[in-house]
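Below you will find the structure I want to go over with you.
Chain nomenclature is as follows: A, B, C and D, assigned in order of appearance, with residue numbering initiated at 1 for each chain independently.
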Amino acid sequence: MEVLDQGIGKLFTDPDPDHAREFFRKKSRKLSNKLMSLQKAVETLVHDGEYLAIGGFGANRAPIAACHEIVRQGKKNMGFAGHTSTHDFQILCAGEVFNRCDIAYIIGLEARGLSPNARKYMESGKVEVTEWTNYSLAARLKAAAMGVPYVPTRNVMGTDTFKYSAGKIVECPFTGQKLMLQPALYPDISVIHVHESDIFGNCHIRGITIADLELARASKKLIITCEKLIPNEEIRRDPSSTVIPFYLVDAVCEIPYGAYPGTMVYEYFSDEEHLKEWISVEKDPEKFKEFLKRNIYDCKDQAEYIEMHGGIIKMNELRMKEFLLHKEVDNA
Amino acid sequence: MPNYNTMEMMVTAAARELEDGATTAVGTGAPCAAAMLAMKTKAPNLVIMFEAGGVSPILPEMPISVGDSRTTYKAIMASGMCEIMETCCRGFVDYVFLGGAQIDMYGNLNATRLGGGDHQKPKTRLPGSGGANDLASFCWRTMVITPQDKRRFVEKVDFITTPGWLQGGDSREKSGLPKGTGPYKIITNMGAMDFEPKSKRMRVISVNPGYSFKDIQDNCGFELLKADKIVNTEPPSDEELRILREEVDPYRYIIGR
Amino acid sequence: MEVLDQGIGKLFTDPDPDHAREFFRKKSRKLSNKLMSLQKAVETLVHDGEYLAIGGFGANRAPIAACHEIVRQGKKNMGFAGHTSTHDFQILCAGEVFNRCDIAYIIGLEARGLSPNARKYMESGKVEVTEWTNYSLAARLKAAAMGVPYVPTRNVMGTDTFKYSAGKIVECPFTGQKLMLQPALYPDISVIHVHESDIFGNCHIRGITIADLELARASKKLIITCEKLIPNEEIRRDPSSTVIPFYLVDAVCEIPYGAYPGTMVYEYFSDEEHLKEWISVEKDPEKFKEFLKRNIYDCKDQAEYIEMHGGIIKMNELRMKEFLLHKEVDNA
Amino acid sequence: MPNYNTMEMMVTAAARELEDGATTAVGTGAPCAAAMLAMKTKAPNLVIMFEAGGVSPILPEMPISVGDSRTTYKAIMASGMCEIMETCCRGFVDYVFLGGAQIDMYGNLNATRLGGGDHQKPKTRLPGSGGANDLASFCWRTMVITPQDKRRFVEKVDFITTPGWLQGGDSREKSGLPKGTGPYKIITNMGAMDFEPKSKRMRVISVNPGYSFKDIQDNCGFELLKADKIVNTEPPSDEELRILREEVDPYRYIIGR
């Protein structure tokens, strides 16, 4: 297969589906109880040097509690999929967790601005980068989920994004068109936050799924954090709603408000004040250090973090905001 | 002294580009305000899509994120990123609105880094493509909303994050990107540009009230072409302003910038 | 891109995504009322010579009413995607609707046996065939849905199924592995039967989706038949459940019991007696002619067909069977 | 006179191959009965998948179709064909059970046509691959359940629908199919065969009660290899027969054949 052009970026992960198959062959398919604390899940499943991916979309249904725990446990030298990554990226940069990164969208916080500390980290030379796009990374996960070494797409060609990617351009043998080949991305370990899971890891997600269905299937190891545990009978009552089946999952952690201070659709809206505080405090390294100590390093878990930021009263406010009930109350 | 600000002018001008029954991929900010204004004026059947998965919500307010709850409020579908991107790639989506730190005369956009040198240790790191490269590759017409400014309109962008007409002429089609796609119009606070069909160079087609072609050229880092007839942009009507201020952006998140 | 090997089968459809894009560019995206009779939908959207695909899985959630209508209107010379096709195939063969066929599974009726008439038709030489597999055809639809000219897969290689396909084998530029390239399949017209749709074509499907989500996206024109129309508010109340969005759809036809005599999961089970009657009557050409006249050509529509086979009383029995309530009644 | 019939013997022998915690793709008929029997005896954690989308149902009765309602009854997931096939292709599925009109000494299966000549006008048309080729390509171990019969066990199949070891030796791996996959065991009414590791030729490893190696060879159209030690298949136990007859297939859809 003649390669017409190829990016100069490094491929941080092995796209070979036969190697992934050997791994998956040994992965347990038993319907066994995978419930554990998030602390234990991160201790036993997230290892220094591995390649990490985080579900959700930055500050939407992202497993923020897990990002805190990864930083708290001081994980280092990881690879990272910087895919639609915003507040999660900000947290992982605060912990200098990774030293190589596939980039689609990083350091930015969408309409909220940019993370000064994440930018500084990415300008420090400490992180090796390869450039992609949101769809390219989604397509790379999709290739892995399909069990093939790549899928072709029609984006990226002609740009510097291609030049600094690890993609290849070939000619389609059916149509003669040029195609960008996106190499399969199998993360070593991923974390996805969902609305509901049973103890085996069968999951329900409401609202947009972003690239999480592909991510769950592409990942060698998978930690699920969920707002609520549900009985297995609930899963079996409506099998059409299962979006992640148990055999993909290694750990299930029940973390109510696990996406706070981000949004969890149909549950709670983002805490914009606290997210602003993050950006603002990052501008002063001393203050930021103290902020991280208080909010992450000295904080036991997500429950303690939530308590620190207004507890259930605040969560109820965010629930009102999620359902736009504050407007109805205002108008009444 | 006009009774509107420059952001209101840009949003209104962008909204007018969207015909009824069209599809458009939108981000947060001005593009979203423009889509909302269009739906409340001339394009009630505009179909809006957010790259994270939301399709045709009844937006109750401006989203903060292209993936937040507002993007699926009373929506037609809450899907995923591949669903949206592949719908664009199949040719179903007419417009996308983008911005960028830099734009060149062929409409190429930079959102990756400022300054040359070592890509692994950039002078100024920017967020990267996000979905911009994808949407500009797949959607039929790329629209850009951006302030007119010499530091933004540059001879050569430091990094082509998102494809415009690439090196002009037929270079975009030769690159392998889907046929018939490309930058369509650039909307700034001073006027609007399209691209000369053969060379694909940026060309002024209209000027906003209070500005001239010279103002646009003076605030542009490369030589602009001139359309045979440069029209004067109609200022926002009272009705457009009322809807924009009262219904689209009552908290002035966008138009207050 | 060097092709190592290629099938000798004919590619019946154009895999070029730029050609499909030109078509889709002109397709209306308006949220307009698409409700019409199935007769009108087939008259205006299904044309002689076009390439047809049918949703569902043979006798499971298949748009049987639409298959009858296509035969009743005497459509001819079509191409057909013989993908997990069983009772639908049997019906279309009875009408000799198609003269070329992509084959994954045809003439068989799973545990029910084989269709003698479909076999005869496929042995007659009247039908040009290209061989595939179930996943190959699903992957071909997926490629079309992704807007790319092919996707790579790892099946088919080394077999005669490959030899008589229109696939190509190339070497992966990332891993050196051989890959089967499945060319995109864009059907001209498809019909999918769903549980619920609004008048615009936003659809809910319960239970397995087979390859219908890919099919809906790959098809140039799409007819939806649904068990029940629902108000648009129902769609907007739970956008996570929409599996086919309106802009893919050209016609919406409300056909209660539209999958009869097949199964519609959560609604009614298959009518095994009537399906047996089909197989048995096919053995006698004269009887079969009369059977087709009665059940299809002289039958106005699905409602009349249902009436002929036991009406609402029979449908209630099949509903009991679907929910296994007959066993509970027996045991009580 | 044994207290069981040949179908009961085959289903029981197949069920015994499935270890607890394994995954298997199943079709209708004997494979499904074998999976059900395994789950009710030694493999309660067996995960079964149907190619149309059903995962781990609590099967209330034999499905008529791999896509009928029974395949998702109280299931873990009701998905789609790509989901199941790609799960197999990712290496998650250990076993698949297949049949076929013809099988050769390398375990290649024919389900497409009987007779040579014009493929466009076949002497006897068969259904085609369905999902068999896919599952035999992707799943780690292909199992075949089929009656022992000279017309089925042929020197050369008329059409290789579904890959076995192809031309033997390393031809399968060279073909590009996923590494480490291939035919594992063939279970017939007379005994069981595996494949000699180097040549990949079919080899008798066990004989069922009442049969000898010679019976198997006499009912086979090619020369069979012999394992160093051919074992005698244990007949179905009373408990296996009770479960099979009372719980798995009370209406004798399969075991009554």
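Here, a contact is a pair of C-beta atoms (placed from the backbone, for glycine too) under 8 Å apart; a residue touches a chain by one contact, two chains touch by 3 or more.
Please read all numbers here as calculations on a predicted model, not as lab measurements.
Asks: Using the average of all C-alpha atoms in each chain as its centre, how far is it in Å between chain B and chain C?
Replies: Result: the chain centres lie 40 Å from each other.
Asks: Could you tell me the distance, in whole angstrom, between the mean C-alpha positions of chain C and chain D?
Replies: The computed centroid separation for chain C versus chain D comes out at 28 Å.
Asks: For chain D, write out the residues touching at least two other chains, lowest number first.
Replies: 54, 72, 78-79, 82, 89, 138, 178
Asks: Where in chain C do residues touch at least two different other chains?
Replies: Correct list: 17-18, 146-148, 153-154, 177, 179, 206-207, 239-240.
Asks: Hey, how would you classify the chain contact layout here, line, ring, star, complete or other?
Replies: other
Asks: What is the complete set of touching chain pairs?
Replies: So, checking each combination of chains, I get A-B, A-C, A-D, B-C, C-D as the touching pairs.
Asks: So in the complex, the part of chain A that touches chain D is made up of which residues?
Replies: 17-18, 20-25, 27-32, 144-148, 202, 217, 235-237, 239-240, 242, 245-247
Asks: What residues on chain C touch chain A, complex-wise?
Replies: Those residues of chain C that touch chain A are 1-3, 11, 15-18, 146-154, 168, 170-175, 177, 179, 181, 183-184, 205-207, 239-240.
Asks: Enumerate the contact residues on chain A facing chain B in the complex.
Replies: For chain A paired with chain B, touching residues are 56-61, 82, 84, 86, 103-108, 110-112, 114, 119, 122-125, 127-129, 131-136, 138-139, 142, 153-161, 164, 169, 177-180, 206-214, 263, 265-266, 269-270, 272, 322, 324, 327.
Asks: In their complex, what parts of chain D are in touch with chain A?
Replies: Going through chain D, the ones touching chain A are 20-23, 45, 47, 54-58, 72, 74-79, 82, 86-92, 94, 138, 140, 178-180.
Asks: Under the touch definition given earlier, write down the residues of chain B that touch chain A in their complex.
Replies: 28-29, 51-54, 60, 62-69, 71-73, 78-82, 85, 89, 108, 112, 118-134, 137-138, 159-163, 166, 171-172, 175-178, 253
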